[in-house]
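Note that chain A is present in both complexes that follow, paired respectively with chain B and with chain C.
Let's look at the complex of A and B:
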């Protein structure tokens, strides 16, 4: 165990490394040195993951500059986001059209992500979310002219969402001008106040846009499909998850007193989102779009834990967020590599399992995990989510969740079946070989999904510590 | 001590994973499998020497205050089975090196058999019924795969299907027993179940289920038919299946739960089924022509003898036969495989020229195995059979057992003499070409069989709790005289060129060979079930179309919903606004309520 003082040093070190990453990204962008940016940036991200992880295991809570607070919840998410950031940085190097520009923006994006996770006030949360959204828009545009359409869609709709969020923040201002997350519970009005209810509605709408919840998510498949796939992996693996972190801090610290008001709404949104994602995924032909809808349905599952609205539910949500983060980044890494070989639709994937064992096995494992097949990590997450709902007596929610995971096996099975059908082997035949970047990223994701699926102890323990610290705020 | 070490003995599991996932080269597969089995033998040696008597926990995960552990227990019985599996596995793998000389399919074979070995090891160390059930299922499935290994041959898939469909009855009942035990006692740890006091109706039901499950695995009446058909699998698999794994699982399960059976007063069915099976098995073995099937019936008889001893609550006698049978049966199967390999013939009446001159090592080892099976002093089989005889506390059973000993001596010497007949027209060259990798494990096993008599003296030191039986001179004299008589009869009947033949159409054959027409009974049973199945099939079609309709309606719904995904930013913005309105309405309704 480290002394309290050295915990503080660790936090400083973690932020210093992040600052270093931003600086190196900017410098690389100015000098157009792609290789240098990668060789400096990747180790920095990996080191930062380790630093945030040791901040988490330290278990203390530290306030930084008055706007950031590192406590187990935020430290765990910072570590998770840094880990997924490392993976995305790794796969982007080879496939990004403007890697130096991407590096520079990625630093700001990570700052926004950490800001949301460690936020102590509504201002930090909103600014963090906006930082993430804007960096993403520019990352998409930087990739080339053909990417303008998804970028503009994301930008305009994002602007609407952020304005809605700001309006909600303005309403909160009337009750507590400090806008601090903690401390509001005492000064807020009794549940049922109209202004506050409206603020809750607007918060839900704004965050639902970011977290891709129905019906605020119609843009998601278009943008996922239109964006370069490494950015799509980032959108699914980080941007969505950041929104969930914002939902958790806002609703369970700031508005925890009103959980009876918002919990049924989240329950409704969870059900709608799961069904929307799964039903739409039924009829997709394009693999990237299929994964877009599948990650929408996963967002619905994650929301189950939030609708449950107790520490067990949040624990379950955290496990599922971590699980889906690695599953979806791994899956999109494979999709990214296959896309560069010209394989896009499910039909293109037929016989893939014979052309590349790597792609066949890894995609199958990721999809089985997403469908919730034991002993993979996705199963652990869903098991926790459904049991948290059952514990709380929300049997309909749990039942519909189980029905949805059952339905999802259909379209995951369709892809797996296509990959191992002998029909298409002759079409584009020839073996496919992945490059080191993809293999490394996929191997890490596979290891997490399989090993923590078999031995979920540590990840459940971490999620439970994080969830308890969130409720202790 | 390291809590996880007993669990690590399932090292062949890693080998199996490596073979199937990472290394597809046929040539490497056997060395990986061998390395896995040797590694597990080393671990098992450590476990057996230093870990006996304890229960070990590996914590898996904890959730909301409940913690889930993987419990392994190394009670003396567990250690015994574990040691037997550990010793036999590398020998079987080594034998496979020579026997499975096919060019392709090597990696599939070594994958399946490694998984099978791992399942048996897991079974041996399971400390609770959940892990035990997992291992039990793995055993069932891998044995199905192994029996059906040469699936392209005509009768093989049927044999495999017969095995799995018999075993599955046991699987279901075992699971039912687990559920009953859990709901009655809220624990599945074997050690805590053994210490429950009193006998309730739940306990009796669960024990009855477990008994049937054990009978299916150990091929006891009326589930005995799959075992002889299972001879269609490769010979190393038969040797493995019949010595230390699979069929022993049933006996072992009853042996560790024996105190409960005593408490519930349920020893009688074990004894009765054991007796019936032993008689059926001996009759079949006397009339069978297939070189491996005779040994299969002999296994069935040995298992039945173990059940008889368990039925008399004589666990020491049962375990003694359990140990010695492992070695001589593995040895005899390997010999049978070598003879089959040398002559290319499975019918024992058509094999000739097996003798001292054609292959010294093979012949001497085989004789050692045969003598042990027949029960000649001082080989292990003598103590094993004598123990069973002595344990019989009823005179009638004793007489039946002695008769069975006599008949088994006849059939096993018949098994030895028939291939040993001389026929100078046939070449005996094949016996000299049996590869070394097949002879080496045979020789090792012969030494083990020679030494296995020591088990009689060593087991009591190891298991102080077991009451030892004492050998009486009269019993051993009766046993020896009968065995020698059997030897003599077999010699007179079968060692000449024209050995008496039991015709397949004759009445004797029908009486001896049909196991009381149990097979025919199954055929009629299946016909009935088939009719029932056709009815269900029609019902199934109806349900299927409902489900298909449901799935199709989702696709229709998806296609309809696709329209709102038209790519237009206006639609999306309107949906956003509509969403807010929707939320307002929902909240308003909640507030009004």
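Let's look at the complex of A and C:
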């Protein structure tokens, strides 16, 4: 057991390492040293993951500079985001057209992510979200001229989202000028006030852009398909999850008194999002688009736990967020590599299982996990989500969720079936071999998905600690 | 004390890993060795339960401690019989697959399927039950789509769609059971003893959900249309495992459902009617089939309907009969599909029109087919006789003469099958030589299955003592 003092030191160390990463990224960008940036940056990110993880296991609560609060919830998400950041960084090195620029922006993006997770006031949350969105836009543009269209799409939608959010923040200002997350519960109006209901709706709309919830998610497939695939992995694995963290801190700390108002809205959104994602995924021919729609449906599942609006529901959402993070980053890593070999559509994937065992097996496992097939981590998350809904008496939500979850196996099954069909083998140009970066990233994701799927105890325990600390704020 | 379950799971896991890593020429031997170890261990479990009359249990490990879910395996009297059936069919399938024909993928999938089946029949809580259920579905999906015949893709997809429906209903039902029990629990033994404490309204929803899920898997009319394609388009070994073992996932679940939910008694008459309709439907469709594997598929569906009659009777003897029926069906139908595979090899076609005079080409195949039919239709001395006898005694004591109506379907099926035997198996060879004869491996497969069909048919007291305890 660590003394409180050493916990504080750990938090400082974690932020210092992040600052070091940002500095090294900037320096590398100025000097155009790609290899140096990677060799320094990757260990820094890995170390920071470990530091935030030990902050989490320390279990204490520390305030930093008055704007960050490290408590188990934020520390767990900081560690998760650092881990997924490490993986993104790893796969981007080989495939990013301007890796040094990417490194510099990635540091700011991580700062924004940690800012949202550890936010104590609405201002920090909004600034964090904006930091993440803007860095992402520039990362996409940096890849080349052909990327302007998705970047502009993302930029405009991000701008709309942020203005909607700011409007909501302005409404909150009239009740509590400090804008602190934890101070509002006492000073706010009684549930049912019109201004507050409007603010809740605006918050939901603003966050829905980022979290890709129906009907604010029409941009998702275009941007996911248009962006470089390593950025797509980041969009699905990190940016979207950041919005969920912001939803959790905003609604369960700031607005926790009004759960009767927002819970039905989230329930409806969850149902619509799941159906939208799954139904659209049925007809996709392009693998990146298929995963884009599948990740929309996953956002719907995550929302089930938020609609349930108690600590069990949030615990389930956290497990599902962690699960989807690793599944989708792993899947997009394989897609990224295959794309560089010219394989894009489901038809191109025909016979892939015979050309590369690595791609066949790892993609199959990721897709089965996304579909919620036991004993993989995706199943654990869904089991918890549906259980939490049944526990709260939301039987329709649970039933539709389960229906969707099994509908999704159909289109994943189609891809898997195509990978193992013998039709394309003779046409295909022979064996494919992955490089070390992709193999390393995929191996980590596979290990998380399979090992925690077989033994989910620790991850559920961690999620439950984080969720309880969120409600204790 | 030998840790039987640990050895079984270690053998299967090791087999999967080795078959995946080593070259193709070892696959057959790995499959046979792993399944042989499983068979020996399962027979040990059966022997232990026969002598001591106590359940064999495995060590418990925490899985999701927050929900009280543990990885623990138990061989209850019901599961001991099903484990025996699974191990025998698995061993026969591995043995009969042949050294040249067994690919790496086939060996891996067969062992994975075996792992799922053994795990499902011995799991002590519903979460493990669901996990192994889905692993079984995934293994079967790959087994059909990877190893099957011409229309395997569409058959696999059809199977998947039906299975997904079943899995969805099953998962929702399990979650409802968990929150319905007064002390939230997934433990099967606890739910069986405390099932009556679940509120009636929730019991009804659970019953409907799980009944549909298990009905799809058994399969029972009208949710059976995946069955004929899946059984027909699979490879021989795939058909043996799917028809012999996978259908028991549903039947075993159905049995548990009737034990867990006391409300089932309210519906038993309707379920008898459904089972009778399903039985007659299966026979009438079977009469119309020209493909020998499709014919056997519908005979299999008939037998599953008869098993449902035994379960629905809610009498001790009917239940014992249905357990015995699962054993009989598993062994008998696996034998028939194995023989059908050999016959297909001999004639290059599955069409009954082209199959003539099997007995002249390969006497062992012809007689195995006949003995398999004896077992399926319940001729004395075979395991099927004991099953039908107990089931219909149970049905008669529960429903009176109405309970005997499904017997008519068995009689019809008997007539149909003897017609097939006389036309295609013993008569009508018009001089053409069969290009291919069954291999020694296939004959070894016949003999393993026949040995147990007659052993359990002549010595029924062994398993009945276990079931009765």
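Keep this in mind: the second predicted complex is superposed on the first by the 473 of 473 C-alpha atoms of A that agree within 3 Å, B and C clash if a C-alpha of one lies under 4 Å from a C-alpha of the other, contacts with A are read in each partner's own complex, and residues count from 1 in each chain.
In the analysis below, a residue touches a chain if its C-beta (ideal position, glycine included) is under 8 Å from a C-beta of that chain, and two chains touch if they have at least 3 such contacts.
Just so you know, these numbers come straight off a predicted model, no measurement behind them.
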Which superposed partner A:386 touches (first chain B, second chain C, both, neither): second
Which of chain B and chain C A:192 touches, first, second, both or neither: first
Touched partner set for A:368, first chain B, second chain C, both or neither: second
Which of chain B and chain C A:12 touches, first, second, both or neither: neither
Which superposed partner A:433 touches (first chain B, second chain C, both, neither): neither
Touching partner for A:406 - first (chain B), second (chain C), both, neither: second
Touching partner for A:280 - first (chain B), second (chain C), both, neither: first
Contacts of A:215 with chain B and chain C, given as first, second, both or neither: first
Partner chain in contact with A:456 - chain B first, chain C second, else both or neither: both
Partner with the higher number of touched chain A residues, chain C or chain B: B
Residues on chain A lying within both footprints (that of chain B and that of chain C): 391, 407, 410, 455-457, 460-461
Contacting residues of chain A [partner chain B, same complex]: 152-153, 156-157, 160-161, 164, 192, 194, 197-198, 200-202, 204-205, 208-209, 215-216, 218-219, 221-222, 261, 264-265, 268, 276, 279-283, 312, 361, 384, 391, 407, 410, 455-457, 460-461
Touching residues (chain side chain C, partner chain A) in the complex: 62-67, 127, 130-131, 134-135, 137-138, 141-142, 145-146, 153, 156-157, 160-161, 164-165, 167-168, 171-172, 175-176, 178-179
In the complex, chain B residues that touch chain A: 21, 59-64, 551, 554-555, 557-559, 561-562, 564-565, 567, 569, 571-573, 575-576, 578-580, 582-584, 586-587, 590-591
Complex contacts: residues of chain A adjacent to chain C: 368, 373-375, 379-380, 383, 386-387, 390-391, 398-399, 402-403, 405-407, 409-410, 413-414, 417, 420-421, 455-457, 460-461, 464
